[in-house]
Amino acid sequence: MDYKIDTGLVAEHNAKLQGDLDADYAALGGMLARRGQDIEQITTLAQTFAVALPSWGVGTGGTRFARFPGLGEPRNVQEKLDDCAVINQLTRATPAVSLHFPWDKPSDPSALRAQAAALGLHFDLVNSNTFQDQAGQAHTYKFGSLTANGAAAREQAVAHNIDCIELGRALGSKGLTVWVGDGANFPGQSNLRGALERYLDSMKSIYKALPDDWQVFIEHKLFEPAFYATTIADWGTSFACATELGPKAKCLVDLGHHAPNTNIEMIVARLAQFGKLGGFHFNDSKYGDDDLDSGSINPFQLFLVFNELADAAQREGAAFKPSYMLDQSHNVTDPIESLMSSASEVQRAFVQSALVNRLELAAHQESNDVLPAAQALKRAFRTDVSAILAMARARSGGAIDPVACYRTAGYRAKAAVARPAKAGASGSGIV
Amino acid sequence: MDYKIDTGLVAEHNAKLQGDLDADYAALGGMLARRGQDIEQITTLAQTFAVALPSWGVGTGGTRFARFPGLGEPRNVQEKLDDCAVINQLTRATPAVSLHFPWDKPSDPSALRAQAAALGLHFDLVNSNTFQDQAGQAHTYKFGSLTANGAAAREQAVAHNIDCIELGRALGSKGLTVWVGDGANFPGQSNLRGALERYLDSMKSIYKALPDDWQVFIEHKLFEPAFYATTIADWGTSFACATELGPKAKCLVDLGHHAPNTNIEMIVARLAQFGKLGGFHFNDSKYGDDDLDSGSINPFQLFLVFNELADAAQREGAAFKPSYMLDQSHNVTDPIESLMSSASEVQRAFVQSALVNRLELAAHQESNDVLPAAQALKRAFRTDVSAILAMARARSGGAIDPVACYRTAGYRAKAAVARPAKAGASGSGIV
Amino acid sequence: MDYKIDTGLVAEHNAKLQGDLDADYAALGGMLARRGQDIEQITTLAQTFAVALPSWGVGTGGTRFARFPGLGEPRNVQEKLDDCAVINQLTRATPAVSLHFPWDKPSDPSALRAQAAALGLHFDLVNSNTFQDQAGQAHTYKFGSLTANGAAAREQAVAHNIDCIELGRALGSKGLTVWVGDGANFPGQSNLRGALERYLDSMKSIYKALPDDWQVFIEHKLFEPAFYATTIADWGTSFACATELGPKAKCLVDLGHHAPNTNIEMIVARLAQFGKLGGFHFNDSKYGDDDLDSGSINPFQLFLVFNELADAAQREGAAFKPSYMLDQSHNVTDPIESLMSSASEVQRAFVQSALVNRLELAAHQESNDVLPAAQALKRAFRTDVSAILAMARARSGGAIDPVACYRTAGYRAKAAVARPAKAGASGSGIV
Amino acid sequence: MDYKIDTGLVAEHNAKLQGDLDADYAALGGMLARRGQDIEQITTLAQTFAVALPSWGVGTGGTRFARFPGLGEPRNVQEKLDDCAVINQLTRATPAVSLHFPWDKPSDPSALRAQAAALGLHFDLVNSNTFQDQAGQAHTYKFGSLTANGAAAREQAVAHNIDCIELGRALGSKGLTVWVGDGANFPGQSNLRGALERYLDSMKSIYKALPDDWQVFIEHKLFEPAFYATTIADWGTSFACATELGPKAKCLVDLGHHAPNTNIEMIVARLAQFGKLGGFHFNDSKYGDDDLDSGSINPFQLFLVFNELADAAQREGAAFKPSYMLDQSHNVTDPIESLMSSASEVQRAFVQSALVNRLELAAHQESNDVLPAAQALKRAFRTDVSAILAMARARSGGAIDPVACYRTAGYRAKAAVARPAKAGASGSGIV
């Protein structure tokens, strides 16, 4: 494997921490044993966890007010893959990358696929982009893409999505995520029903182009960039459209795309029940689509989402395989560090959800014994499974403390030299 | 007709105001004519408008902290009908009453039906109640009704709903609205998916009991009385359930039952598009299910809802007939006055939406000329159609100014004498 | 001490669990030692924690839709004290009770004080009630109390608050919490500025009646029972009023009384900075003033509040002594169990906040090293301090597992016999 | 005056519409007279209304996802002034321009002042910018500006604000608006209290540099660009800071900068009561800081804000002079058209608020007669004052229908030729 960080350095890092980890792991194992749980089973399960990386996540994000670039940002898809490889090398939880076209469009798809394979990576869902105009584009998306009033813009957007499928096929992907920013900033700007009719028409054309073993994922979002009405604003619309399109169409849940106070774990339960839960974009938020690091604001909510996933997995068995991806905007941290840390937070929720004694929980629910039912979840959530996560990484060949190891390796400093910053101000000037 | 207010008094009231109304009407007619619109057509349309009254709305409402009763509150369903009759006599916009069982359960349904007919009223949708325990009830709904873990409570709730259908049939109703408060106050209290599965099972039994010409309406609500998770929390769940149940099942939209910032008019458009828009509970809100008077907080939103209804009516034709009901809690006003005024506000939005030039609007939308499209709606909304509403009332036999006429008639003072208040504090003590 | 649960039974309960607890405690102690922290110091600190109980919290709560009573609910203030005594006996974290007048008005204050002392309890802040009308009350609060337009209602409300102070003085309290539901349900109902002017006038009269060693706490709330505008709606208003009143006036923060998405821990930081942080009503919420069990919905937020309190304590020293009270509505659980469990959750956040290495945190902040700064908090929050809490209870004479011990003792079953339920339906009928 | 649109063309435009306007005006005058109101008084008042234009508002806005430029966008501050002049020429309601530095930094301030004067414009508040890094800037604002941990960044930000004052002085401004995006994206990133202490220190330095006849306005905002905690997040913080700084410091209310469900008009009332209402940034929003056109989403809220301003004006007299500015992002409309239309919407709310019979309103409030009190506001809001606004414009020399006149003049098409677009994609690539 073409490891980006010296494996000797990782081994040395682990060697220093192994003693304390063993002690913590034994202490936790004892606690779990006293509750009747086997830490080894949990650790083995933890090692199976994987969440995809978004190619765009390794660059520094920003807002309409400004972007403050970091050092050594990747300048092309090849460098993005390098960064993703570091994350997976150290966490062993992120073997797949989700590309975004045209941002990451390779001139030579098979070369890119080979690079990924050499890095121990493969390609997950591909993402289309019809929320921006590209240089030289024939028809603007200013007033919509898949929902545009003008047939030419719609057809262009459909064709781009079909191109993404073709490209994804060449790269080994099995699905397409469609997010459109289409909507309206004014009451009256758009016929709300007409826009969804056009959306469905466009999506039917895309759906037809799906290979047999592909799926298409509809991503909803309450607002931004449209500020009065977004065509695919909520899970209800996403679900109705996925139903209308057919079995290959599913719904994708981004944790930051909901109205305030929404019970997101219940949406997960609903979509699972009705067979339309396609996957997730993980992040956290306090106000809107803040794209903050997963679990940084409301870790209990992330746990509750995984509690529903554990319930669905128990009901559906191996057939239940939603896609997981991190989708965050790293404005004030090193993106590689945030992605390593976030992969671990999502994995943490996955592991904690496995600690829930589902039989006991069901019994309390059945007898309407509310407090013990609630505490069955809280007890699992409260368990500090850090030692399990670290042991899982170590056993899979990763780093016990990925961020510390990465810092020791000096990867960012080397990238800063190899990838010099472009001149220019950080102000976006878009307000 | 068994008018509750002397018709001579109404005539006298109108006579005093007719001169000014005629002048205002002529002035408005001129303005509309200069825009190419015929006021007479609009007034004729206004006269067709009707919104049902909820029987519980004529009593004073309250909160968990307190209820501050008014004078002369109706003590039984017969007195409630009397109050409803006054509202319809003066507004000519509320000929139907929606009953709530067991609160309004008549010992003699045919006598109640006869009373209603004599008052010029008929019965709209009936409402079941499984969110409270009634004295002597065999199984509590503390932990759920249609979704309860216990089969006995579920069956009791189903049987009650079927009783409501029977009763409604005897009263001439054609539909049942089902709202359940079922849900959970703690994560873990309830299996979210299991609860909805039980709900669907229960609803299927109720659905089977529907007469051929009946419909059942599913009402969703984000929260209260359940404060962590509500089984039917959003339109997506309502829609999925109505779809699963069949063509007689539709969704009911209460304007106050949504997450903050939700675009409600878009939900209306979605349900209309997918053939599941059953009806409305009209009210207004600023924070939660505040049950404030319709149009008192955000009148433009009410207009935008009717704008979608006008769009749907144009597309669907006469087949498009959603149910309209006021659903408000009158805590600080005379309920009769609030209901008269609110009926007029909903009628106002209906009339304003008829002023939208839909051809012109569509043309602006088609050409992405956003500002004129937005202004086409704003112009209709801004039009002060008070004179049209008053003229429609006067021509239909109602009062030009219903609240003023009602005050002049001294109806409340007489009710205060005829219906003496029960002793006791106003504090509910439920906190 | 007049223990309500046999101390032998508690000892027996503890004896069974002590072995596992010792093992868990040793395991956790080892983990903390490897991080450089001394578990004994933390446990000693945990033993100092106290949060007051609200007298009304030991009864079952409800909503405007219904109240579903539990068995053996306390029927008077004496029985409420008995229930509070059980909670403190088992948790050793709730030695104070906060009374509410007139609900808990004793005929003989000194007898009540003696009962409390015998039970190992004392009285914390007293609470006035001008959000309900009491039987025989001269002037209604339907349209306001301290802000009422009518001078008579205002004076009555002021007099009641002064009575509360007198009563509190006799009971050994040192402060008065003033919450008013005053506000408006309609734009125009109230002159927003006039209402606050009258509030300040009323509060000045109450302030004057404060004994030298008393404080008055202003509690704000966004909405409910007023649904358009609440006179004391936010911390800004509370702060401005407390500033205007003088040094004995402080602000009280109820975690459920804020607009969606509000950063509550920042409000805590602001009030601490400006010297006006009086105290807390602890609970949790997802939608509005849901009054759910503390830490049941967003435990990280509770931790972040205590992180600010730890920061303030470090800055202000011993002078920094905000009041802590639980304020929850227990609709589906045994109130005693919920209060025991919630006291423990608040104590947990307090203990976790003590695990934050504030020097390390400050260093990361100073160097803008964001991720390690964030992780310093997350690491403390993640630590499962359950063994510390249990050990603190055991060492202070309480139960290792309060809920289990309480269930074993059969307290509720005995109360159900001793305190038979009143007849009558559970439906509040207030909608 | 250096009019940008031929005055003959405006006259011709008006001549065509004058007949219909006269008829509408007479019709409305009659309606108002029948209510006891004199249209001429209102029109005269309308002519006094003015709201400032933000220099940045005449360019097309965007989001972090994309910016879709329009044709003929102004390329420098001189061209921005030209566009502003057109808006004021046609609306006669926007004689002042608010500049933003360094975006609009003139090389020759006196030349710019002369240009403005020739165009009939003057300069309102100036705005500083420390939310972006500028090319060549010594210290980054990535981790804060006025609140930065590093003294060098703080001093740089203070110095920039003092430069803005100097520049504003040269341009004839009398005030500085300070908005900082400073805050944190992670719990722990920043010491919440420390950040505000540093803010206050920085602001004290800026305050000291204010000329005697200047004011400084503190603008708060809930979130964006900071997504966990914003240092100046709410009116409470803004108020506490303005109080600490002194009498020249006031609070500025941007309508889109509040938590969901916030009652903004009550904040206006509070700030007016406590003497700290400095001014407004007008816009509308549905979700966050959407910066939509004023009155396009919730026109009744805008009216209610002006209702509070009318109340304050009645209480305070001529001394009450808050600053008004439009602050919108025009993403899908011609910015000039949106600004003309929005100026008119704000003016509309001002005029409608003048129609409220404040004596009658106070009487209803005093007697707790809620419904008529509410209707006194609704009646004023419902009044379609379009004819008054058009007549005020015509009498002041503007256009009866500014947007139509502007379109007839072909200003944008000419600008598109004179100001060719820069090459390049519209995608911001900041996500």
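The letters A, B, C and D name the chains in turn, as written, and every chain counts its residues from 1.
Assume a contact is a pair of C-beta atoms (placed from the backbone, for glycine too) under 8 Å apart; a residue touches a chain by one contact, two chains touch by 3 or more.
Keep in mind that what you see is a predicted model, and the values were worked out from it rather than measured.
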| Which number of steps is the smallest that gets you from chain B over to chain C via touching chains? | 1
| task | Could you work out which chain's C-alpha centre is the most distant one from the centre of chain B? | result | A
| note | For the pair chain B and chain D, the C-alpha centroid-to-centroid distance in angstrom is 39
| Inter-centroid spacing, chain B versus chain A (mean Cα positions, whole Å) | 42
| field | Set of chain B residues in contact with two or more other chains | value | 142-143, 185-187, 189, 222-223, 228, 260-261, 263, 286-287, 293, 296-297, 300, 332-333, 368, 370-371, 374-375, 378
| remark: Within their complex, chain A touches chain C through residues 20, 23-24, 27-28, 30-31, 34, 260-261, 263, 286-287, 293, 295-301, 332-334, 337-338, 341, 368, 370-372, 374-375, 378, 381-384, 386, 403
| Okay, in this complex, where on chain B does chain A touch? | 142-143, 149-150, 185-194, 196-197, 222-223, 228-229, 233-237, 239-240, 243, 258-263, 265-267, 269-270, 272-274, 300, 304, 307-308, 311-312, 315, 361-362, 364-368, 370-371, 373-378
| request: Over in the complex, which chain A residues touch chain D? Could you list them? | output: 56, 61-68, 103, 131-135, 137, 140-143, 181, 185-187, 189, 222-225, 227-228, 260, 285-288, 290-293, 296-297, 329, 331-333, 423-431
